[in-house]
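Working notes, beginning with the structure itself.
Which chain is which? They are A, B, C and D, in the order written, and residues in each are numbered from 1.
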């Protein structure tokens, strides 16, 4: 941590800051510059220390040196974490593919979807039973009935089931019917929920909040890891920017950035990341080329009649074609995408 | 709702879209333009109708005409809602002032704070007992012990107590000890929590999420109103932008904008909205001048030793001076700020 | 400057970085931390040094300590710069008011506008003769003819004339007819233009680019100051964010921030900063309360028939009322707004 | 264009708006909805009409239906524009590759760079002679001397030369020595410069401003097209967002979006788009997979000693490896990247 003093800071203020550093159990190295004095602080950096030093009189700014997350850090664990769950593999050279409708609407819809996405090479099935919706007047999901339909689709196809959990009360219920728990973007900083999924024996797909910084994203993962659940996947699904021609802006540089900072696998969601069906396949291919460990894509038997997110869903033919193209990109880079396909 | 067809849309596609409009129970007015056909859709607009029409073939875009929220809308209720709770008043010509530390740290700290902010004219006391923190390694609050200390401060001063609730499980507990429930920015789209506070007989201070649009913010309020709780205050606390010299960017135009769109009172948080103590008083004055119905300000007996947010907290003298200046601005515009003061 | 090494940097890499520091004529202080080594670099910081050190092997990041601007800095000149130009005063306790139409449309329009805004207390007249427009198909301004009309309005009212210059070729021409040169937001980083206005004996109103950081904004001012022209005013006119209910987001915290960092006066543009007439007066008042040294406001005799920007222009009555309210806010804070008024 | 009236608009206000529409030479279709009246306006939409109608009393908002650009539009010209200039080809199945140092530093540096990037398969050489720099104290380029060095590199290798022009005065000079003119991001809305390059017989590489919307970007291109120069390439180089772990956020969805809206080729700049050398290759591959028509990449013989942008430059070996990988991705998608290579 570097404590930068104001240019007009007094000697007394510098000394007071040094004293504070000592009280925090840290050591000070004082460097007197041409215009300012800075104090380099040595020892284990903690969030609180930064806050305390920031408010000392005469302190201009405090710059942390170390990343605030620990267990998620590449420095703690050099090897990439590979998620391996019922045929779904993400990490290393394997690119997992999660596909399916935004919402579970009926048993027929979800079973048909599962069969089709499996035939195209998907290795997990997505489908929402508990839907967090912007408006209270929108369809909120089939809840436990939907979970049962997901389980039926898994029984039928063997695909791992990925579904969202929106509340601590539901964690146990959702875990009973599914294989991978999704924490949605709106709940990325719902810390109670993070702790709850951190205590369950299920991999977690954690979506980045649309205005979360990378440090905040990794600290959210840290909440889960810190409870003992080491199987966390990070999902980039787009950030909020001034751009309005896409619903969100999908920053694929997150992939190589996160690969450098963390051992956790990185999944890309080109459906939410663009918000328009016609943009999804190109961005899925780009994600594979950028090194993503997985994709999560909205696919619906009949997007024009979907209960939600039809505007960003592929139909089966579109998904199948997208998979063919993504597979070619993966192959060109010596990686394997999804599972066996028809 | 306006359905804009692609310029190359076929007659069949136009007809299919019209048919879909009819299926939704709405009426179509077709306008054939020089380059495109548009369909003006008449009837009660619903989120779902937009989604359905958006995915029809040949449709370029769907533009909603009506606001997606209803009960929050000024068109539904013309008169401004005034929150009146134990001496705290916000709305109309009255500007409520909520002040106090970020976190409750001890009974002495919170009682002293309550006395001091009351003396300076505050009409409610803030203090966090359940703290949502970015890092799992940061101080998480005193929980029920903290709530009891807040209640003690209220007994001592008569100030209304405002405190955050972060989870549905805690709503009843927090409501027992406090007068106004705060839903934090990170939980603005935690819909279960919104529903829970919508079922409690307490005013709610709803903070805007840092990347929430105004429609999303008002729809979050709608979740609460829709459960029956009409006493909702909207709190602007800054949005996330590319600016890094402030922690968030505080857009004060939210005040007149929201006053035009909704009857709910608008509270400004200059502490989180700037993230630096020295910027707080000027932005508090600006908020009053912009027409805010209330302020929420972090004040700590000793910011340099605060458990959290010291860098954006005022000390008692600073708060008292800020209040004097805000009162002068309010007076110049024929409004009343806070309560009686020493 | 603080050079932070990677946690796995070798001793050789640290030594190479130290050698590079020496080559730059700077001194190194090496601090070996628990997880990383950092090198505190002492000496005059230059942009180039940062770039050079950033690319040394084993270097993780380089954090500058000093502001990159010099002449604009409060540390170089403690006293606020006051602009005093033909009755227009901005800085210290004086709040200058620049008002007038977006574009000069006719002599009658601009002279009438000048008279009216003067009667309401404005101390300078704005009006565009060279208009940078987003579309090549929009009205581009009356050019020299418009400049002559502005000069006529000045002759008639004595108001200082503020007008935009968009190209180095026009600087001399525009300076001939006007008192204060405006550099628009789109040209904030048109460095040739900045140099050109830096060589003219006219105060410059420099508008912040909608995505410029504060450092970039102050460095743009530095280009002007560096050429010898010390009379620079900084104009905050809103930044581009995800918000779409306003055209730009107007961050008033720029006022106290800039007052702390620079001696240059800060002018607020609530017209471009909001993009909607009905938001302008409240934001003008807020700007005054936040400590702005001046306002620049679009006022048109007949906004419904304006050649440009009608949607954000006040009419004379609206401007006059806004001025009354702003004057009350200024008075409450012991400041003086604009000039004598009818 | 759709004119949406306020819900409380009077019949008189509706009629006044209809009258205004007629005055603009357009036709009105009035649709009386359940809550509001809307007027669908038919005829050629012009920017000015929107502005005029927006300020009519009782009008809530005006929504354009047509894109504001014409000549850049896919609707005007269905076939993709292919730029073919001295061996550099971009558009259709051909992916052009522009590579070279940020700044021209010496003849040896630029000639060596040209040879190396050509050997790796680049089809054009980049190199800045006129450098727009954020700080007046940074290296500003070798100017005409640099242009001569670029010409020497072209003579040596046959590569097309791409270099930036920052001022109208320099257009002729820069065109004399180079093959493709670059307009930088900071000058995207320097309309005089756009007009000037629109009058020169050279292809133009137009970089997106970091806060430009797509409509603004295409309207900037329209300025060039409108002067008669049809050879415009659009370069996405990243936008400014809240993300700070990259210098800019590179939104690759711009590629398929622009391909749908315009016939102009789309070039991606992964160097400026990320700001960090280690992120460049993965984003270059992703750009190819997303369908980009070209790449522009910073390559320097010795990034650690570059005069500028070393932190985002590849060395020759790194560039060569990147090209190999990009070529494999292009091949997998039946496209051709760059030229012959060693």
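Here is the rule we use: a residue touches a chain if its C-beta (ideal position, glycine included) is under 8 Å from a C-beta of that chain, and two chains touch if they have at least 3 such contacts.
This is a predicted model, so every value here is computed, not measured.
*Asks:* Going by average Cα coordinates, which chain is farthest removed from subunit D?
*Replies:* Most remote chain from subunit D, centroid-wise, comes out as B.
*Asks:* By the contact definition above, name the pair with the higher C-beta contact count: A-D or A-C.
*Replies:* Taking the two pairs in turn, the one with more contacts turns out to be A-D.
*Asks:* For subunit C and subunit D, let me know how many angstrom lie between their CA-based centres, rounded off.
*Replies:* The computed centroid separation for subunit C versus subunit D comes out at 26 Å.
*Asks:* Just how far, in Å, is the C-alpha centre of subunit C from the one of subunit A?
*Replies:* 39
*Asks:* Nearest whole angstrom, what separates the Cα centre of subunit A from the Cα centre of subunit D?
*Replies:* From the centre of subunit A to the centre of subunit D is 31 Å.
*Asks:* Give the residues of subunit A touching no fewer than two other chains, as numbers and ranges.
*Replies:* Residues 211, 239-242, 244.
*Asks:* Make each chain a node and each touching pair an edge, then name the shape: line, ring, star, complete, other.
*Replies:* complete
*Asks:* Inside the complex, what are the residues of subunit B that reach subunit C?
*Replies:* Interface residues on subunit B, with respect to subunit C: 211, 213-214, 239, 241-246, 249-253, 255-257, 260, 273-274, 278-279, 282-283, 285-291, 325, 328-329, 331-333.
*Asks:* Using the touch definition up top, name the residues of subunit A that touch subunit B in the complex.
*Replies:* Where subunit A meets subunit B, its residues are 46-48, 51-52, 54-57, 68-69, 132-139, 166-169, 186-187, 189-192, 209-211, 215-216, 219, 222-223, 226, 239-240, 277, 303-311, 313.
*Asks:* In the complex formed with subunit D, which residues of subunit B make contact?
*Replies:* Answer in residue numbers: 2, 4, 7, 29, 31-36, 38, 40, 42-44, 63, 65-66, 75, 240-242, 244.
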